[in-house]
Structures are given as structure tokens and as C-alpha cells.
Amino acid sequence: MFSEFPHLIDLNDHPVSWWNGLLELGENILRNPALYANSCKGKLMGTLFYEPSTRTQMSFQTAMLRLGGTVIGFDNPATSSVAKGENLKDTTKIVSGYADVIVMRHPIAGAAKAAALTADCPVINAGDGGHLHPTQTLTDLLTLKVEKKRLSGLTIGLCGDLYNGRTVHSLCKAMSCYPDNHFIMISTKELRMPSYIKDAIRAGGGTFEETESLEEVMDKLDVLYMTRIQKERFASEEEYLAQKDTYILTPKKMQLAKKDMIVMHPLPRVDEITVSVDDDPRAMYFKQAKYGMYIRMALILTMLQSTARTQLLRGREHPGVTCQNPKCITNFEAYLPKRFTGEGTTLTCEYCDHGLLLKH
Amino acid sequence: MFSEFPHLIDLNDHPVSWWNGLLELGENILRNPALYANSCKGKLMGTLFYEPSTRTQMSFQTAMLRLGGTVIGFDNPATSSVAKGENLKDTTKIVSGYADVIVMRHPIAGAAKAAALTADCPVINAGDGGHLHPTQTLTDLLTLKVEKKRLSGLTIGLCGDLYNGRTVHSLCKAMSCYPDNHFIMISTKELRMPSYIKDAIRAGGGTFEETESLEEVMDKLDVLYMTRIQKERFASEEEYLAQKDTYILTPKKMQLAKKDMIVMHPLPRVDEITVSVDDDPRAMYFKQAKYGMYIRMALILTMLQSTARTQLLRGREHPGVTCQNPKCITNFEAYLPKRFTGEGTTLTCEYCDHGLLLKH
Amino acid sequence: MFSEFPHLIDLNDHPVSWWNGLLELGENILRNPALYANSCKGKLMGTLFYEPSTRTQMSFQTAMLRLGGTVIGFDNPATSSVAKGENLKDTTKIVSGYADVIVMRHPIAGAAKAAALTADCPVINAGDGGHLHPTQTLTDLLTLKVEKKRLSGLTIGLCGDLYNGRTVHSLCKAMSCYPDNHFIMISTKELRMPSYIKDAIRAGGGTFEETESLEEVMDKLDVLYMTRIQKERFASEEEYLAQKDTYILTPKKMQLAKKDMIVMHPLPRVDEITVSVDDDPRAMYFKQAKYGMYIRMALILTMLQSTARTQLLRGREHPGVTCQNPKCITNFEAYLPKRFTGEGTTLTCEYCDHGLLLKH
């Protein structure tokens, strides 16, 4: 099933060469924003935020405004009459009649792909539940490209809740597409990186090691990517109290690191990085947020200039088969064609990537 | 009582020649939007939405932004400090000091007229309770003008809840001002068109017929205007189950229609048009929403360029007489002059058009 | 502690000559707004409203848009993910990476100063709890400058709740910096002006008198500044009923006033000025709101053009000493340096101006 428009739903829908083009454009904009100040004059972006995400929305809005374009949209599903009682298709059809590009945030996996199926303009996925958030990954890649001047040959520490962290999973998968990267996964045993991510790293030719101690590996890192680690994720209260300090970044731990290491974090942070680290020139997380604005400028511009059509659904329907993920958009929007890739007894939902084992 | 500014409160405040000029401008903008991209540069629109109506608000915002203007406003009365504890007059005075044109949505009948009385800029009524919604009617007229290439000699089917439907009432009244239109009213007996609308059609020289079956009249229609029909409106649960399918538009029923018939709907729809009808080229409801943007561009531009003053109140006060409509703005804003048209024992409130029978 | 950017946190951080420059620019913009329509082209303002204040926010938004700039921001802390669970520093750092100037409204005293400490752009205080609201005072000064053509030699009546009124306190302090102003304070005994304001007037060389009757002093006034007086502020229900009419401005009382007196009010009003006064040409409160827009244009422009750095904290930390004001920002944001001016046993918090008596 094809759409007549370009979209960014999943980074993997596009080849690495496309990512590289986007990153290059992002860096050009960053180096000379004035050159792009009128690039989207007369263009209008619709931000459909079915759940509030002020930071992401402000980043996209700023990106469009700094390209000379304008913005409409909603961000408060509770008071939005659009978000209530109207199916996603109708809202998308109406707004894509007004707007030149749609940015969609939605709590349900696959919503952005569902929207792209009927939109009369490009759709950018700004997060669909716990599923995908491609512009966060692009933000991380641009930060690495600009600050480390390369996307290969890096030793990247990933610290915190590696089991549940969508952001670090996506980063690992993306960085595995570039050669010679080594990942050091720093977490408790319970919160280790899932094996399918390790498989992806191996498949891309990358290497990795696992440890429970941030301090022990600190001096090897080119990059330290911190993530939140919630109290509830620990095995017990005792475990939490015993271990939490291990995963909090402090000026003392920073003394162990290379002079040109950089600290990244997707934000918001809670207390996994102490405020006193902020003044360290290696603390890159606020700058990283700004890189997010630049890569979104590059993305919006690319979406508005491209004439590419997009293949959104590749698989087929299987009579009587529905996705078993209760948080999949196909279980909310009845009219959607229920398409799966794969054959035989192992299918994958094309909206939420949920695997499905059929009985015979 | 006069205002120094042009306003659109009620379509009937303006002659049909004014409507035609607006429709012509709307079509010109639609044909060549680039010509109008800077028409409102430096102008600012204030959208005062005392109840959320995301679709209408986005349509107006898009219209202003696509004319090169800018927008301020609120849409969430619960969190708006303006909407709380300040009278309509003060808010209108303040915002009309900032803005060049005000768009007002309000749950109470007559609110837009009340605002126009003191505003220092033009006011556009974007819906005042169940009373008036003139830009919806203009949207419908532009759709007919562009898609049917005429506003006369049409056979227009109106289907659904014709008793309560503000939208179809307004459309009938407006289309009765153009010659040779024939209306086919399709509804249950309980939800028939009110007699005052039939009177208006007759007075304009139009004709109509009534039926309970959509299928029987389908082949005669140039236009089918669908509206929502709520379960609660049926006489009983049995009635609902027996009849509801009659008023749901399906691809099968579409096979009975002319090749150039068009299907309209004010949106949002619930299930009175099945999603499978959307792919039929005669389904015009999404395009209709886009026409709504173009006619609002024409309207905003006209309001900003016109220097017409407006007679807002024609009648007079009657000592001791107040409007008996509990949802009339005069019962909320005490300072408003309570003016009525008519004489003797039959008066009409000038804000909400409620009729009043005085005892003697 | 210095910031590399200009800020407006407290009017007293800037000399009177700076105020005068701003007022002159405000009047120039008012006289010829078209000259300034592109002054902030390409600039972006972030409005961080941690409590809703629709009127102030619309005034700032209009100001920026009428300078040709653009706006992002939030206004609904309940639905804003930024406002929840992220410290003020991180939000400020991120938004100042996107924006060229930040406007902050916050329910806690000292929040704007705290934000300025880490912002990478100028910060404008749009109200920090009951503490400061400098752009309201600037609005009042511009109104006086334009309407009375001078800021000195005026007899200014202040009527209503003078004990709790932040607005009149700030106005008195500001007008005491100009020569020969006389203040007539009109209130009940319970709601008299606090003595530290009277001290400030005396220190500036101004004079004042106190009265309980508005009518008796009406004919002496060049300016009458009305404020809200809440029922709860009276000593008893009887007192309220007996006295409230004294402090309500009516057309009858206006007959006693000079022909060129002006009536001011910070808005919103409740019923301390009857609606029938609005038509009196001396009623200046709606125009005053519009002057608020012009002075904010002048302020935004000045903030964006200035390269001044700002000394935000002058005092020092005192081991173990924290501010005792429960509504001081230092009691909410733990990382803030707790700085106090003064020495010995009498200290003043640099964020909220709360006085602190140390025991020895």
C-alpha cells in the first residue's frame, strides 16, 4: 500500500544514505541558520499531539518557525474536540487539507503509520507510544556527528535502564549501521539490554560488553549516554538503595573520563545526573536538545521538498488474524487494513512491529 | 445601535449580493492561493473560543496564516483566566485593542452580537451555542458553487436528524434565496424538518418533499447532505434498531445515485457514512472542510478591507421585559441593552432570535 | 553572580534613565507602529506560563507578533509535560536554546530571577507570584506619560485595597522616582497603604495624604487608580455592606472630577467601576491595556538589541541559612545558590526580597 507523499514513520524505512543526507543538511543549517530562515515561507505545519509532550512540540514548532513557516495544532487531548469522538482518519484527512506537513504524537503504537495511510501530506512520527521516536534518534546522531565529528569507531557507554529504554535501543540499532562502534552496556542484571538489540549490534558488525559498574569503564568511553532509572525497576527497595548511586553521574565520576568524552541524555532527567555536572564542558545534554531543533529543521525541509512516494504496507491480510498487542492502533481504528509481514506461523504486525505466533 | 466596524454575526444581516461576492472571492483564492499569501501581512486575528472547537479554530487559524497574518487567542475556557470572572465586554474591549479582527465561539446564543456591540474591530461569529454558525453555511455554499457550478436548480437531499440540525436549517434558508432549488427531506417522522424552515423555503419560491427512505430518492439527487442522527433521538430502542440502517450511507446505496451527485457532511461524522464510502469520488466531505478554509480566507480578508458600519440592534427596549431563553446572552451579561424587534404582544429577542409572547 | 544577557526581573535593577528610554521607545512605537513591524523578524519568543494568565500572555504574544517575530510556549501547567517533573533550570536551558527571549510567569516568588541565572537568552518577568510584575508598572507609566504628558507634578488617587495591592505598591515606588507627585490614598482603615510604601514615597521627596472617602477628594485628582477590593478584606459583613459603595466608581462620582482626570485600572475589574463609566472619555482602562502592548513591544525590542550583562546576585551565602518564605523559589529548586544581601542579623533574600532576622 503506497502513499503519494514522503513520510518519516520509522528510521528503518529509509536507507542510511538518506540519514546521512539529513544529518549533513542539519549540520549545514546549524552552521548557517540565516540561509534557511525563509526556506518554508508560506508552508504550514500541523502538530497533532494526542498526548502532551511540550518539549518535543516546542522543538518542532521552533524548527518550523525558524524556517519561516507557520504552525497550527493541538496538544491537549482532554479539551480538543478533534481528539474526542472522531477517528484518526477523519482528523488526518481534514488537517492534511489545511497543512503542508503533519507532525503526530500519539500514545498508541502505529498511529503515525495509520495517519500516513490517508494523509494528503507528509507525516512525521513524533513518538507513537513506546514504539518509535525517530527524531530523538536523529537528534542523537546529529549530536555525535557534530561533537565527535564521526559516527564510527566510537566507544559508547549506555547507562541506566537498558531493558526498557526505547531511546537507547534505537540508538544502538542506528549506530550499528556505522562501522567499528563498540557499546559498553552499564546496568543492573535485571535491567540489561534485551538480546534482540545485541543481535542487531552483532549483525551490523559492532561489538559490545556488559558491566554493572559505571566507574570501572568510565575512562574508556568516547560517549556516555545516560538514561533514567526508575525506583520501581529495581528488584527490591534494598537493591535500589544499594545500587542507585552507582548509576548517578557526579563530578567525581566525571574526573575518571576522557577530556573529550561527551555526556548525552534524552531529557527530562530526574536525578541520574547531578546538577553540578551541568557546568562541565563535556555535559552535552542541553546542546543535544538544541541539535534536536536543527535536525527537525532539516527533516521538515526535506519532507516539504521531496516528491518521493512511500510504501507503507508491504505484507498482506490473513483472514481472521488481528494484532494481539492491546496498544496497537489496529485495535482502536477498526477500518485499518490489518496487514502482517512474514509467512507461515510467524507474523509481524506492520503497524506496531508486534510478533505473532499462529497456532495450527 | 450601530458599530463602526463590519461584522458577520448572522448571514441574514447581509444581502445575497454580499454572499455572492464572498463566494466569488473564496473561489478566486482557491484557484490561486499564492496571489493572496500576503494579503493580511501585519494583521492579527484574535480567536476567542469560549468552548473548544478544534476543527473550526484550526480552519480559521489556517485561513489567517495562509493570508500572511498572525493569530493569538484561547481555546480552553477551563484554564483561561480571561474566560473566568471577566465579563464579555471587557475581554472583547481588551482583545480588540490587540487584534485587527476577532473570531468568537461561545456556548451562549447572542454572544457574538454582544461582543460586536463593544468591539473596536470586526467580529466574526464562529458559532454561538445552537443558534448560528454562518461560516459553516458559507462553507456549504462554496462547496456547491465549486463542485456543482451553480447555486440554483439543484435537487438537494437532506438526510438524518432534520428536526434538531442547525446546519441543515441554515442551508435550507440560504439556498432558498437562490431560484429553483428542490429539497428532499429524508428522516423519520419524529425528526422531520420544522415547519418554519418549510415556510422559509416556500417563501423563497423553492419546493420540497418529505420521505422516510433514502434509497427511494437517491437517484433524483444532485446533492446529498448527511447529518448525524443520535440514538437518543429515536422514539425507542426498537425504532432505532429498525430504522438506523436506513439513514446510514453505504457503497451499496451510492450505486443508486447519479454519477455527478456529491455527498456533503459538516463533520465530525460518527457512523452515518461508512468509511468505505470515502474512496468514492462523489464523497465531498473532506474537500468541503478545505473549502471551509478558503471561504474563511475570503471572509477575513473582506472584514479587514471593508469600512462598512453595522446596525446591530434595530428594535427597542420594553420596560420590564427580558428574554425568556435561559441560554440567551442577555441573561448572563447584565449590562447589555435588552432590545426586541416586533411590536404589541409578539416580540423577538435581537440577540438569540427567541420569540416572546407578552400577556396583557 | 552575572548573566551574559540583559534581563528584566525587577524594575529597580535598572536606573530611571533606562525606564525613560523604554517609555520613549514605547511612545514612538505607539505613534508609528508600522516603522517597527519587522524589527524582530527572525526572532522567537518563548512564553513559559507556569500559571495561566491569558491577558498578560496575549499582550506579550501580540507585542512580539506586531514586531514581526514569532512565539512558542505553554500556558497550561496541568497538561504541560515540561512544567511537571522537570526543574526550572532544565526547562529554561532547553527553551533558551530554542528562543531568543523568554517571558516567564510563575506562581512562586523569585522564579524569573532563578531562570535568568541559567538562561542562554534574556528573561522577562511577567509576574512571579505576589512578588513583582514589572511590565504592569511600565504599562501604568506609559499610560501616564501619553495621557497626562508628564510623570511629575501629578496628584494621584489610589482607591481600594491598598494594603494587599501589589500593583499600587509598585506604582507608588516607581512614581516616587519622579519629582513633585502627590498621592491620595483612599481606603478603609483596615486596608491602608503599608508604611514601607509611605517611607518610599517620603524618601523620593513625594507627599501623600490618606482618606476614607473617594467623593471628598475626587475634584483634586489628576489620576484615579482604582483597584479591586474583595469582600473578604472587610472587617465584617456589616462593614462591607456599609462601606462598599464608597469605593465603587459611578458616573455620579465622575461628575465631581476634573475634565482631564483619567481613570486607570489594572484589569480585570469585578464591580468596583460600574459599566456605565466606560463611555466616559476619561475612562482610560481599556486604552491602558493597549499601552501595555506597546510598552511590551519596546521591552522585547530592547532586550533583543541590548548586549548588557546583568548582575543577578550581589549578596553571599550564609552557612545554614535558608529563606523562611514558604513561597520563595529557593524552597522549591534545591540547586539554587541561597544568597542574601545585608549583614549581621538582618538579611534579605535575593530572590523573593523576604526579610530575615537571624537569632544569635
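Going in written order, the chains are labelled A, B and C, and every chain counts its residues from 1.
Going forward, a contact is a pair of C-beta atoms (placed from the backbone, for glycine too) under 8 Å apart; a residue touches a chain by one contact, two chains touch by 3 or more.
These numbers come from a predicted model, not from an experiment.
The rotation relating chain B to chain C, fitted on Cα atoms, amounts to 120°, rounded to the nearest 5. Under half of the residue numbers found at the chain A and chain B interface occur in both copies, marking it as a different-residue contact.
Chain geometry summary: the mean Cα position of chain A and that of chain B are 42 Å apart. Multi-chain contact residues of chain B, defined as those touching 2 or more other chains: 76. Chain B meets chain A in the complex at residues 34, 37, 52-55, 58-59, 61-62, 65-66, 75-76, 78, 267-270, 275-276, 278, 286-287, 289-290, 293.
Residue ranges of chain A in contact with chain B, taken from their complex: 42, 44, 46, 70, 72-74, 76, 79-83, 85-87, 89-90, 93-95, 97-99, 335.
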